[in-house]
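You will see two complexes here that share chain A, one where it goes with chain B and one where it goes with chain C.
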Partner chain A sequence: MLKSKKIVVLGHFGVGKTSLIRRFVTDTFSDNYKVTIGVHITKKVVVISPDNTISMILWDLEGTDDIASIRKAYLLGTHGVVFVFDIARPSTFQHLNDDLKIVSAKIPNTPLLVVGNKIDLVDANELKTTLVENSILVDFLTSAKTGDAVNDLFANLASQLANDA
Partner chain B sequence: MYPKMDEKDKLEILKDILFADEHEFEQRISARIEVLEQTLNERNKLSERVDPIIEQQIDEFKASIPTTLGPVITATLKEEIKNSKDEVVDAIYPILGKMVKKYVAQEIKLLSEKIDDQLGFLKRWKRKFRSFVTGVNEEGLMLRDLAATKIEQVLLIEKDSGILKASYAKSQTMDEEMVSGMLTAIKSFVEDAFNQKNQNLELIEYELYHIHIQSFATHFVAVVISGNYITRSKNALQDIIFDFYNSYMAMNLDLIFETASNENSIVPAGKIRLEKELRKYFGNAKI
Partner chain C sequence: MMLEQYRELYINKNTQFIFVDQKGFVQESDQVLFDVKSGSSIFELHPFFESLGAIFEGPEEEIDLNCVHLSLQEGLFIIDIKILKKQGGLLLIIHDFTQHYNSYRLVTQARNESVIKTELTVIKNLELEERERFKNRFIQNFSHELRNPLTSIMAITDLLQDTKLDVEQSQMMRFLKDSNSNLKLLLEDILSMSMIDSGRLTIIPKMFDLVDFLELLKFTYQAKAKEKGLSFIASWDGDIPDILEGDRLRLFQVLTNLLDNALKYTEKGTVTLNVKLNQKRANRVSLRFQVKDTGIGISPEDFPVIFEIFKQLNSNNQSAGNGLGLAIA
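Here is the complex of A and B:
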């Protein structure tokens, strides 16, 4: 059975939201940074099991430094959320817990995955220190550039959504 | 006593008296010619030395035009265009005219192809019959057919999430689920941006197409239309949409449900059923 689900991908400017989606949908990466204006919508069908398929409608929202300012209309009817931050840029995760509280308040009772992107830019020790020092509980550490953990992230979300009605 | 003059001397004296002015003039001309000759000689000598310097100066001047005179020329042109709009229009009009002419010619060619198509044997007899029955002349019927409003695509979309519930399309276009999402995003943005309560985005115009959007409580119906979309067509289309919606969406709960099998039971209608009904309602609809 094919079910369609709306996934919202959000986070600060330039954290790699569009690149993550592009890596997942088309398995490509580009160094050219193009700012997303408004929202960009793409789709990928994920087969969970022979009789359970999810059509993921991915809403790539424009980046913002003020998560509270995201248009509520874009978040209505969301089935799953991916919150992305840039592991190499502290300004994108300094207020992570506050940002997550805002997101949860705007979209309550919705699966939410926290993703630290651009792990290709930091070494393993530095990464551990950053996460511990900033008390960050992260669900996935990804690199849209190398493709590390990108499919795992969306597969995980698809599995969570497949169990929903 | 004056010395005696012979005839020759007398003639000379007479010549002097008579041609005194001409003589002076001749001397002045000779002097001027002499000055001119001198100047020319000196100029030739001078030009040999000066010409290379002047040529170099001219070359340098040419090279510096873009940086020195460019901004001045641009500013002057801008000012001149601003002050002489009519003249500019006059100058550009012939060029634009040619472009417009080319475009119109292309459109007429397309129209002519469509008319040729309309002139097919069967169509011609059908039209003759319609003309006889309706009393409208054949040319009028032909033009009416060419500009006929047609439903190209219908999308039944969940209002909040933008998830596509069902669709009907005459020909396959791009991914309908993505189109549904994008339409929802545009609709949400416009309604949010203008911050008008109870106001809905109703129409999007896209070159030769119109996208009519009919909003309900939890769903909306987007209909892509080609041709001449006028108020009469809009009314006809709304009637069809309302009929469809009343049959398959419970107005109180706005849930998709089946009424055909059993009026008393509310069973969610599946995608296949909805698409079949969309085809039935919109497939051959005349608007």
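Here is the complex of A and C:
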């Protein structure tokens, strides 16, 4: 049975939300930063098991450094959230825990994955230090550029959503 | 009548009305922007409409969504959409603002790029400063740590020189003393360079006799030049002031670096030091120090790099130094 699930991808601007979606949906990447305004919506059908397929409707929202300002209308009917930050730009994760509280309040009782993107830009030790120093609990560390962990991230969310009613 | 025409041109041609039933099948569409066949599923038109299922289930009677990108057969539309719950289904009122949003995108693109670029530059600068601080701290500590044993070695060498030595031992003693002096100069140069780099080098102005200073240089370098079979000429304008206020030590360091360099790369001929008065105003004076030699010279393409740290144009030269002299100068 095909179930449609709306997933919103949130985060500050320039963190790579569009690139993550593009990597997941079309397995491509471009180094050219093209700003997203408003919302871009794409879809990928994911087969969880022979009798369990979900249509992931991915809402790529315009990045903002004020998460509280995201319009409620964009979030209506959301089944899952991916919150992305850029591991190489502190301004995108300095207030991460506050940002996540805002997101959880706006979209309560919804699976949420926290993703540190652009791991190709930092070395492993620096990455660990950044996460520890900023008390960040991250679900996935990805690179849209190399494709690292991108499919794992969306597969994980798809599994969570497939198990929901 | 005229306003009606304008409304038709600017409003009606940019707005499409679609009515869909509760299962998402299109009941009616005025096809102003794009074709949607009656009886087709709106969910299949674009993934955006597939999300409308959740809106049927929600309590909201009216929803406004702005700046939604729809890539359709007819092209890319950037729309504002009003969704109204009506008896038997949903009324979708779609306004095409593609042109407006494309202009807005350009502004946002420029703004975001600028913010990101600034942030990354700040991060990069902080990293570079930290690296530079570490390097300078290391060099300063390292130089200081080496100075103490070197001072002991020099003191012991002096004591040793006063003991009874045969000819061969005396020769070895001279080499040892020369090596000690070179090592001491190298350490001082490294320390100076590190202090210049970190902006901690302080110029200490004091009164000194410039002519005495030049006489000392003349005496020293005439002896050094003679050892190498060269001649050294020092000359200065008669109108340069005798007494100056300035950092004699640093002036000495710069000129000796230049003169040593000139001697090092001159195999035959003359090394010249000339000092001219550029200008004198009130109690300030500008002097021009010129060092010339008849050595191998420097080709014009090498001019940009000669003052770089650890840069030596003739690295295979046996008398080459540490590459810090000109950088300090």
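One rule holds in what follows: the second predicted complex is superposed on the first by the 165 of 165 C-alpha atoms of A that agree within 3 Å, B and C clash if a C-alpha of one lies under 4 Å from a C-alpha of the other, contacts with A are read in each partner's own complex, and residues count from 1 in each chain.
In this section, a contact is a pair of C-beta atoms (placed from the backbone, for glycine too) under 8 Å apart; a residue touches a chain by one contact, two chains touch by 3 or more.
On a predicted model such as this, the values are computed, not experimentally measured, just so you know.
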- Have a look at chain B and chain C on chain A after the superposition and call it: clash or fit. clash
- Query: For chain A, which side has the bigger count of touched residues, chain B or chain C?
  - Reply: C
- Task: Go through the superposed model and pick first if A:35 touches only chain B, second if only chain C, both, or neither.
- Result: second
- Query: A:47 contacts which: chain B (first), chain C (second), both, neither?
  - Reply: neither
- Classify the contacts of A:76 with the two partner chains as first (chain B alone), second (chain C alone), both, or neither. both
- State whether A:6 touches chain B only (first), chain C only (second), both chains, or neither. both
- Considering only the touch criterion stated at the top, classify A:62 as touching first (chain B), second (chain C), both, or neither. second
- Message: Can you give me the overlap between the chain B contact set and the chain C contact set on chain A?
- Response: 4, 6, 38-39, 41-43, 55, 57, 59, 71, 73-74, 76-79
- Task: Provide the residue numbers of chain B that touch chain A in the complex, in ascending order.
- Result: 158-164, 175, 177-178, 181-182, 185, 188-189, 191-192
- Quick one: in the complex, what on chain C touches chain A? 43, 46-48, 50-51, 53-55, 57-58, 60, 63-69, 78, 101, 104-105, 108-109, 112-113, 115-116, 119-120, 123
- Query: Across the complex, what residues on chain A touch chain B?
  - Reply: 4-6, 38-39, 41-43, 55, 57, 59, 71-74, 76-79
- Note on the structure: Per the touch rule, the chain A residues reaching chain C in their complex are 4, 6, 13-14, 33-35, 37-43, 55, 57-59, 62-63, 71, 73-74, 76-79, 88-91
